[in-house]
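Labels A, B, C and D are assigned to the chains in the order they are written; within every chain, residues are numbered from 1.
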Amino acid sequence: MNKLDKIFERSTRKLAQNTSRRSVLAGISTALFGAASIPLLPIAKAASNKPDNGYPGVGSQTSGIDGDPGDPSSCDYWRYCAIDGFLCSCCGGSANSCPPGTEMSPITWIGTCKNPADGRNYIISYNDCCGITSCGRCLCNRNEGDKPTYRPQANNDINWCLGAKSSVYTCSTGIILGVALDDA
Amino acid sequence: MNKLDKIFERSTRKLAQNTSRRSVLAGISTALFGAASIPLLPIAKAASNKPDNGYPGVGSQTSGIDGDPGDPSSCDYWRYCAIDGFLCSCCGGSANSCPPGTEMSPITWIGTCKNPADGRNYIISYNDCCGITSCGRCLCNRNEGDKPTYRPQANNDINWCLGAKSSVYTCSTGIILGVALDDA
Amino acid sequence: MNMTYEIKRMAKALICIALLSTQLSCGLVSAAEPENTPALSAEPIMKIETLPEQYPASWFFAHDANFQSLIAGRVIIVDSAADTKEYKAAIGAAQFATFVESKALPELYVAETFYSRGTRGDRTDIVSVYDKSTLEKKTEIVLPGNKRSMVVTNKHNMRLLDNDTFLVVFNFTPASSATIIDAASKKVLNEIEMPGCNMIYPNGPRGFSSLCGDGSMISIQFDEQGKEVSRNLIPSFFNVDEDPVFDKPSYVDGIAYFVSYLGDVVPVDMSGAVPKVLPRWSLLTKNEVAKNWRPSGWQVSTGGNGKLYVIMSQGGFDGSHKSGGERIFVHDIASKKRVLDMKLTTPAFSLELLNTTPETLAVTNVLMGVDIFDAGGELQRSFSLGDSAMPLVLHAVRN
Amino acid sequence: MNMTYEIKRMAKALICIALLSTQLSCGLVSAAEPENTPALSAEPIMKIETLPEQYPASWFFAHDANFQSLIAGRVIIVDSAADTKEYKAAIGAAQFATFVESKALPELYVAETFYSRGTRGDRTDIVSVYDKSTLEKKTEIVLPGNKRSMVVTNKHNMRLLDNDTFLVVFNFTPASSATIIDAASKKVLNEIEMPGCNMIYPNGPRGFSSLCGDGSMISIQFDEQGKEVSRNLIPSFFNVDEDPVFDKPSYVDGIAYFVSYLGDVVPVDMSGAVPKVLPRWSLLTKNEVAKNWRPSGWQVSTGGNGKLYVIMSQGGFDGSHKSGGERIFVHDIASKKRVLDMKLTTPAFSLELLNTTPETLAVTNVLMGVDIFDAGGELQRSFSLGDSAMPLVLHAVRN
């Protein structure tokens, strides 16, 4: 609407363009190939006075559960190893609940993520929350164990809001279903 | 969808934050308080080998009309002195036509803009193009002579797609209706 | 190929990189993997959050017009006092929608427009009614004629009147009228026309005013059935060509404070059935006028506790009134004295005083982030409400 | 106050500033205001642009999923060869839509989903049919059962078969089926079920295949009335757990080239009624395997002119397959030799070979801009398709 937004777009994109290509690429590849694969260390965030979830303007969080380290508003949070979408934790929900006014899809895809606090692999259910337009906060895509659409139960590209009254996607959760068989 | 976008948002916003506040603000205020009020000089753009409309990734243009200087894909283009929205020139239309598949709203608001080539003031009609979702390119807001909504014919906040079959706003044109009375 | 081994090898290598960057030693990796702690419990699925029926005073509503995709706007509920989980929820607000919170009923209202095929097809204008606690859509009120006014977010496009008994929707086709709705029964009672005059400015016991193109004001009172009972014209009280007032006044104690492009305050007493224009005064010193300090922004002013807050910008010119400003001037209304001059890091675009004690000021800045300031004008926190969010208008929780 | 004077004074001052920044002298201001040139003519209103019925080979379709507002996606028509007016037009594509261009008819098809209240209410799945020249919506095909598959943009969610005679829409509820539509009459002919198998991969004279969860493939042929006439199961031909193939193959001369996560090419001859799996080969040298070079991206491969283009990334790991890559490997399919190794400034996310001579490669990079490369792999131009656009899939014009 207002010119200011255009300017914001313009200035930030320009900044990105003007910054040396090397540093931008380094930043991208660190984030891409680094963060997504690094299990979160529980110590770092808790000890820091300035926790940084990587999303400016989004407050950091803890799950409040003993032995559940990390920040549910961060893409690096251990449960999100195969998530794809907006983190419900940043949208009025939490790692295991939907924002008010949405509905949770009962059918979903499943990932196996390692909890760095206890070294165990957990089965995580990435139930989508549905019925309101895209949340737009904390977009996060990680793909550990992700398979193509012909193995739907392990695929995060499918709109899993298909099990809800409205198929309009709002955000994604990461709910602990249990310890993976190998680790039980 | 993909993490990359998050990274893009993160990296560019971070860049904006990390850049010295002074230079960012200077950039904002130049663009805001400068560009909007500076009549375009016809010489500068035409002479340059690297025309810059201020929108990275959008090709520069000319209207092709003698005595109609400047770049219709730039927010600085003289006709746009009271425009508000996405420039149709960047969206498959032009300064005076709508993109394919949209419809032009017949009712609209009016501005008076000075053509720097002939020094005349022209009456410009900012007809909106309607029926497709927001174009999303070349967002531009300038407000010379803009009055609040209680003087609708001089207001650019109103969704002028109210005269079209669909009121969904796509982009805005700036059509020459004639020379303003004072200048005729 | 032994993929499991490969992955483990890589994970270890990467853990070391992570440790380097966080300045911890590699030894912590094993320390972080105790072998005998109990496993985390399975969690219930299908859990949906709810909100309190009465929202805390620190909360506010940020209306994201979503200009990049206007059919998918939203109203976001935010806690200004939160360092975590500040984003409480969102509800839809499609296509130049208008939002208002009821104080009398535990309800939220969104006037919005839908097409049967997204951007085309059959149009339906409605008011969506949400339950404050569950944010479930309780019902909808179909607006006759599909003539709801569509304008970049403006509170005065829809207002609650008479202690929230009547919901009034402004229509613009470009003919102007108001649709009167009984808030309790959700019944559409009447449509009142006010040709050439725009917006809904509540006034009197049961009525509203609209501003007209020549700077005059039409004032209408109606009865319990929504039928017009009086109509008064307040002659032009400002010069639309030379120094128009913004169409978004701030109400303080029954008086609507209209701010003009050049920095005057034009108070209109709206408490009676007939509005009464009060003496105008300037926000500016002579020196500031000379430097072209002017109000500039979208929701350019807010008020409360006897004070008026206005976004200001130096070096104003014809067309600078919507750009936002680098200062917020706070004036004591009674004394007309400036009591605070806030110098901003990021220029402000819209602002809203919340109903907290002490005062909290919520500001949408020109980068479309939301900044929270305390009563002393100090920045407390900054929020992003979404990668493409445009929270143009902020609404304080009413309490 | 004499505002006119004030504004003129300011305009002059600002002109001088502008001149400073463009390094021109103030003297040009008067030179730029000749007094005796003819005035510009009034222009007609209501002018709408149109497109040619057959689009040039340099054009392509960029499908913007609009993840920030999924109900408002779009397909943008772009000219890869243009230095000006490169954005030709857009059509809507709501809610995980799928797009395909007809070559037989001057039509474009968008399979999409609408709700009566934007994000809620009654659901309607349709194929919108657009005229290529006017981009007007000619008609719509209502899809029975509202079970259209919704997935992040994937061409194989809807395909044209048998020289564009049949339009086939993939359904997923999560039960899998295909809706067969007669493209000329727009009539829905039949629904064919293929439990546990997904997507529409054209094969044979009149049929399609789908990939199944164990790496097998089901292949179905149907008659002119859309009735199934044969069904063949191709046993599992890759290991889904160890090295799955991407679900977005590239077709070159009737052969579908599936690329695997670890860098193998798995060709399947789709020209006959029963697909024939051909010998697999690797894109990588031993040294590259050791450095974990892997395909990575969304539309990760494209092919034509006997060549296969794949986005590649070094240092791959479990989960890196959708991140995009810093190189594009181009292999000659017949010799399996690498003929070009494109080192990119901005990593690629999706790519598409256009049907131009010489070759043009369109690439969506990880910043969601679109980069155009010539046959030698040199960057020609870069486009932004919108401030929040996410053009995840590119479609060459078919000609």
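Please note the rule applied: contacts are C-beta pairs under 8 Å (C-beta built on N, C-alpha and C of every residue); 3 or more make two chains touch, one makes a residue touch a chain.
None of the values given here were measured: they were computed from a predicted structure.
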Fill in the blank from the handout: At the largest C-alpha centroid distance from subunit D we find chain C
Practice task
If you tally contacting C-beta pairs, which comes out ahead, B-C or B-D? Let me know.
Solution key: B-D
Problem - Geometric centre distance via CA averages, subunit D-subunit B, whole Å - result: 29
Handout entry: Distance between the centres, which are taken as Cα means, of subunit B and subunit A, whole angstrom
Key = 37
Exercise for the section: Could you tell me the distance, in whole angstrom, between the mean C-alpha positions of subunit A and subunit D? Expected result: 26
Problem - subunit A residues counted as touching two or more neighbouring chains - result: 1-9, 13, 16, 28, 32, 36-37, 55-56, 84, 132-134, 136, 139, 141-142
Completion exercise
Touching at least 2 other chains, the residues of subunit C are 10, 66-69, 71-72, 92, 118-120, 137, 152, 317-318, 322-324, 366-367, 384, 386-388
Exercise for the section: Give every residue of subunit A touching subunit C within the complex, in rising order. Expected result: 1-5, 7-8, 34, 37-39, 41-44, 55-62, 65, 67-68, 73, 89-94, 96-104, 106, 115-120, 122, 125, 127, 132-137, 139, 175-179, 184
Handout entry: Partner subunit A, residues of subunit C touching it in the complex
Key = 10-11, 14-15, 17-19, 22, 24, 28-29, 32-35, 37-51, 65-67, 72-74, 77, 82-92, 130, 133-137, 152, 298, 322-324, 349, 366-370, 381-390, 392
Exercise for the section: Using the touch rule from the top, collect the residues of subunit B that touch subunit C in their complex. Expected result: 5-6, 9, 13, 16, 21, 25, 28-29, 32-33, 36-37, 81-82, 84, 107, 131-134, 136, 139, 141-152, 157-159, 161-162, 165-169
Completion exercise
Per the touch rule above, subunit D residues touching subunit A in the complex are 67-71, 95-96, 113, 115, 118-120, 123, 149-152, 154, 172-174, 197-199, 210-213, 240, 244-247, 313, 315, 317-324, 326, 345-347, 366-367, 384, 387
Problem - Complex contact set, residues of subunit D against subunit C - result: 1, 3, 7, 10, 14, 66, 68-69, 71-72, 92, 94, 112, 114, 116-120, 124, 126, 128, 137, 140, 242-243, 262, 317-318, 386-388
